[in-house]
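Two complexes come next, and they have one chain in common, chain A, joined by chain B in the first and chain C in the second.
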Partner chain A sequence: MADPLLTIKDLRIEGRSGDDWLEIVKGVDLTLNRGEVLGLIGESGAGKSTIGLASMGFARDGCRISGGSIQFDGIDLRKASEQQRRELRGKRIAYVAQSAAASFNPAHRLIEQYCETPVVKGVMPRDQAASDAVELYRRMRLPNPEDIGFRYPHQVSGGQLQRAMTAMAMACRPELIIFDEPTTALDVTTQIEVLHAIRDIVAQFGTAAIYITHDLAVVAQMADRIKILLRGEEVEEAETRTMLSSPREDYTKSLWAVRSFAKATQPAPTGTPVVSVRNVTAGYGKVRVLENVSFDIHAGRTVAVVGESGSGKSTTARVITGLLPPERGEVLFDGKPLPPAYTARTRDQLRQCQMIYQMADTALNPKLRLRELIGRPAQMYLGLRGKALTNRIRDLLDLIELEPDKYIDRLPSELSGGQKQRIGIARALAAEPRLIICDEITSALDQIVQEGILRLLDRLQSEMGLAYMFITHDLATVKAIADEVVVMQQGRVIEQGLKDEMFQPPHEPYTELLLSSVPDMDPDWLSRLLEQRAAAG
Partner chain B sequence: MTLILYFALFIVVSIGLGWGFRALLTAVTSGEVKRAFRDMPISASFGLLVILIYVLVAFLAPVLAPFPEREVVGARYMPWGAPHYLGTDSLGRDMLSRMIYGARNTVGIAFATTALAFIVGSILGLWAATVGGWMDQGLSRFVDALMAIPALIFSLLLLTIFGTSVLTLIIIIAMVDATRVFRLARSVAQGVVVMDYIEAARLRGETMWRLITREILPNAMAPLVAEFGLRFCFVFLAISALSFLGLGIKPPTADWGSMVRESATLITFGDVTPLLPAGAIALLTVAVNFVVDWQLHRASGLKE
Partner chain C sequence: MGHVWKMVGQRLALGVLTLFIVSVVIFGATELLPGDLARELLGQSATPETLAALRAQLGLDQPAPVRYWNWLSAFLQGDFGVSMANRRPISDLISARLGNTIFLALYAAALAVPISLTLGILAALWRNSIFDRAANVGALSAISFPEFFVAYILVLWLAQTGLFPSMVRINPTTEFGDKLYMAFLPALTLTLVVTAHMMRMTRAAIINLLASPYIEMARLKGLSPMRIILRHAVPNALAPIINVVALNLAYLITGVVVVEVVFVYPGLGQLMVDAVSNRDIAVVQAVALIFAAAYVLLNLLADVLSTLSNPRLLHRR
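The block that comes next holds the complex of A and B.
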């Protein structure tokens, strides 16, 4: 067997916090052969991306490589000069970042950005690079490969942009590509297209790749081998199939078990629903976003609203909360109509319906301490003051499993992503609402944290009889938490019913597409799915 | 040659003072504040020290000044020397005492003016951004129209109409400056009001006042604080300029701007006395800007 392409031995990386250097990667070994795809898995903060960047001999601002060796095709990247490393990057090692939208320069056309690397690195002249770009765009199955390069980044969709970026990384036919969560920001149906394109192109050119992700089902489709990381240390490494069928370590098994959480099925609801959306048609200005939407949410039940981005899920939530008064139709609360605009609602009506947001970072005022963030609704709606208020805040922190003494005077910036989302939940609970609208609240979190949040929500629901409207594009989450499902597409409800019925065939074609796009833990899933779709035409 | 030497000496002493003051601040504070002071550049430390000295002088003027502010205590245009260390002015008033009282009057009025401009400008700006729609448009275009008139000419015009008492002076300059503050506060707040936590607060049914003071203002504070320092300098210069033109602070109140004008003729005789009040203004302006730069740097998050 030939020499491995990349050999990392005992890699140590330190990150600065204040004046101290903390070790964030603690002696990781990694070997990658030519043409092989290695999946790196771990929670956020496990050091996946840091290792990914280190394999290019690069450390982010505030980080430094403090020990170990990185050998790329016989070149020691740690000893190499900056000049030598720059020579390698882009030409022999390429990098594909998570957010393609943030990685493209919005002021230049795609093809100009494509041509930059090969021309600067002296691989090929500009016109050759341009015709090569069209060829790669075609191979990445981008629509109109001849023309798409002449668009600006904002003129193409997220999935297309991610593929354009992969094509760009391929421009110099590198021997190694590092994919850093390339599909995390995409919805399931788009994710399939990107995965398919990436897998094909890597196989066609025999490129070795490191595929970083926190989604096990995704990595199962892409990687030959999987390495699992936890807090900067390797947990285990094995061939994909071995890893999936017989994981050795407890931590790995717990990762595998994440998707096993599922709520017990409940019988069909009766009585007056807490919230009832009736024939709502709404839009922004002349643009119609919702068309005749109707559904009910009963106490103690979770209604999952599912659909791609732009299907009108969040707009429905805005209509219920009163941020967007509908053109036609109405929202009933306990059978009585709610005033369409939130400004016209009474304080008690506002209290009954609370919201949890997708991005906890922007949903919590960064300058307020948790005491005030959580305490404010309790103070406003329930009139709690002084000691009673402090006790209530402490109870709420207990409820969301954060230790009151430790956290009550912290700022949001001193919390992890999952903890912030818990604070969002506590703030909603503080108002003692009947309905909580959860807008994609788990999509920014990794799977283990996601599961914790879902279990917490489930527990709170059974204790307090809350009704949830759960907006998501992730069907795995729906399987876990929903009682009823509403499927939306282009502002219309296409299908709705109990969860068990929804996951049983027959489906509407769109529901079928959504359902079949959720990755399975089976390494053959993607190939099989693509065959089926090809056969169906 | 000696001038260059003095200048070099001044720089060295300033750096030394800045360094020492920072060491002192770091020693007496703890926690978050200590970290902020420790990472403070020498220039900012020097600026803080100068501002602190000005504030002390302004507060302790009656104690520090050897002679009263408005009394004629000697001959006209006496040279430097005991007991009139900086000589006397055109009427025979003690120059040093007037410098010290000038700190109180000029800096005090400038501070009151800037504070008023900020209170009015930022509240209106934050309010306009929060309400949005026609109110915002109306108010913003009105402010734009006011800003189209050159500030100095506009204040001169208003002062001629309303008379030149200290109160009208403060109000007029504050109103002219509030237009600038309004624009900044509004544009900063526009970035804040689109955040989800503002939406959450609105949905909670918070009042406009609470929304502005607790939710938006803390997040718009950094640029406003930086702008405060900058505005303070401009107001300072505006008052001095108006006093120099005879429309600002009225004699016999000691004021640095009018003191420059009164003793300006001395410069033709090679006497540096008129440069002293001018220098006092310049030094404070520089000091405030040092501190502002530091705050801007901190607010923009450019740590490295």
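The block that comes next holds the complex of A and C.
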């Protein structure tokens, strides 16, 4: 441990904002020894990815490294020529991106992309690189390691792509790998496989790593040390166990406490449900996606629909809203059947059921001001005009805790991610619905922002008696907000019941797998879980 | 691969349907033209009897659907009919000229496609540099002038000085090398006209991709800018590039009328202009249908090639 592998001192990075440069990383120091894994944690906008990229001497378009020094194994990356930096990248410092699906080139087979760096950099000839790829695919526990490389990215699942990308990063046996939120886009069950594979391979090759994430429980499994960032500045840094057991700073403690929100338990519902899904079977073309799905949602209650991607959660929402008429079965509203297709529903029926989407960015028209975004449904469904409409919009902004005077004429681009999602909520509320379908609305948000959204939804529910269908793959969110839980797998309902019952054993095997896959804030959790699973066979 | 052939088959069937509709439109449009050939041939002094006799002889007295059917069925059998103006078989008139037109189009394409792709790729690589701006300004200036103006400027600079001939006298026996030499100016004119479009589309399609995560990944793999463009951006930009190239090739075949007239080039465009002024409707119809077929075929080819360039369509899950 004589010389550290990477030493960053007083790093400053600026981002362009119009004609000005704003400082987004404000003097961060970082030291990484050979073979060590450092966790970088923070909300979005904390500058963690920017710092990760800067340790490769790289700044995204619109950003520039404006101060400080970056020393990699005695090379000053800021003073080095672009040619020298390019020489290091891929060979001695590698990068694993957040979304492997977007970061693999869709035009080339996986193995071509694997072999590119070793061949171009002259590390090894092409056929040696190809056989090496198969070996690494095997170590990453990818299925069919001999053949999987000959597939195109779109032919491989997200969790497998993420492992293939880690294998690709390992191609030249770099001394340092930057993992930039490698499991954020994955389901909990898939996440475990990827974490397991990454942890093993980093240990096998003694590679140093910077592991960037906003998930504390994940970083607890991966990192030797943790550094916490807030708005471009370091909050504190400590060994993982120390950090978990005795955080010093208030901000860190607030991060630790964030999962504290939990809705009070309510007794089992009675009366006619607002929405009742009855024996629905549906699909796209010949592909059957839902098989005999039934559940109820009562007024004033939240039903969480849980499952991996592809389990049919969103398709169920499409059936309820009438976007996808089912092959068999029906949807009852207040006990009366709804027409299967939304085109056949009355405006009032449409009004009663509103949706909030996962990506607030793409769900809001970027050209419209909040006044129009929120006002449109109020105008269309309730016929509000002029002063009455403006008052309604202001009331809605008040409801979602955004100051009307300040926000009413803003564009979505002038809002933060959490604020955009609040606008999505206000837009749904504007129609005065009875049921709101929330499709993964918190999964793109940081934990602190998530907490705010969940509290808001809970308050609105108790004030207005709204029914929520809450689609998520995050069980922590389920614990926080649900009254009832529906677990789905491959288009079927595996288990359903009250939340408290669901989180008490015994479980269905699949529910058990989901529950046990949620990372704990305990550095030994992953090892223990893997041992248990290995023992169970 | 099965679904690709199925798609090619579907597109081919659609192309045939398009051509059928085009043939109806062409026939209908020529029906609307005032005057008729019999009067044109016999002049103002013709008696009604001789007019009627000539009309019967040319088949002009039959109802329009019957004439359409006769025309189309003969056309499909390769019999394009007889020129009404000079009584020569249209296939003879067309075949030599079609060859010349295709030669000129390929000549211009062989110059324009490599030039515009190279310029487009380099402009994307060095975007916002002096080179990028110069290439854009140059290409835009070339496309902004009318073709005949570009043609006359070239004649002024390159033909007046005796470097290249300003009139293209070629016939089926002309040597290939001589053909290239003689047709240089019209080919250059066409190149200048179509390059801007293809170059700018290539540049835009590539730059559009440069913000993609996989391009950032390629940069973080430490690849050179040239390799990133050629290996990571271009394969994903092929579909729009192929389409704009096909559109311009179709233009090179069908849109060269003015250039052929300026350089007295014996191509289909000239033939069509002559036929229109002679009211030689049979020739106009045949040439129009050939132009339409060229458009349909090239677009079909573009569709198929862009499908083949996209692994997501070629290799299903």
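Operating definition for what follows: the second predicted complex is superposed on the first by the 536 of 537 C-alpha atoms of A that agree within 3 Å, B and C clash if a C-alpha of one lies under 4 Å from a C-alpha of the other, contacts with A are read in each partner's own complex, and residues count from 1 in each chain.
Going forward, a contact is a pair of C-beta atoms (placed from the backbone, for glycine too) under 8 Å apart; a residue touches a chain by one contact, two chains touch by 3 or more.
Predicted model only: the values in this text are computed from it and were never measured.
> Based on the superposed arrangement around chain A, label chain B with chain C as either clash or fit.
fit
> With the two structures laid over each other on chain A, which partner does A:G90 touch: chain B (first), chain C (second), both, or neither?
Only chain C; A:G90 stays clear of chain B.
> Is A:F205 touching the first partner chain B, the second partner chain C, both, or neither of them?
neither
> Should A:P366 be classified as contacting the first partner (chain B), the second (chain C), both, or neither?
Touch partner of A:P366: chain B, not chain C.
> Looking at the overlay, does A:A102 come into contact with chain B only (first), chain C only (second), both, or neither?
Only chain C; A:A102 stays clear of chain B.
> From the CA centre of chain A, what is the angle out to the CA centres of chain B and chain C, nearest 10°?
Value: 30 degrees, nearest 10.
> In the overlay, answer first, second, both or neither for which of chain B and chain C A:W525 touches.
neither
> Please work out whether A:F261 is in contact with chain B alone, chain C alone, both, or neither, and reply first, second, both or neither.
After superposing on A, A:F261 lies clear of both chain B and chain C.
> Considering only the touch criterion stated at the top, classify A:R376 as touching first (chain B), second (chain C), both, or neither.
first
> Taking the superposition as given, tell me the minimum C-alpha spacing from chain B to chain C, whole angstrom.
Superposed model gives a least chain B-chain C C-alpha distance of 5 Å.
> Taking the stated contact definition, name every residue in chain A that is touched by chain B in one complex and by chain C in the other, in rising order.
61.
> Residues of chain C touching chain A in their complex?
Residue positions touching the partner: 211-214, 216-224, 227, 231-232, 235-236, 309, 311-312, 315, 317.
> Could you pull out which chain A residues touch chain B in their complex?
It is residues 18, 61, 321-323, 342, 345, 347, 350, 355, 357, 359, 362-368, 372, 376-377, 380, 427, 431 of chain A that touch chain B.
> Can you list the residues on chain B that touch chain A in the complex?
35, 195-197, 199-206, 214-215, 218-219, 221, 304
> Give every residue of chain A touching chain C within the complex, in rising order.
53, 56, 58, 60-61, 85-91, 94-95, 97, 99, 102-108, 116-117, 120-121, 151-152, 154-155
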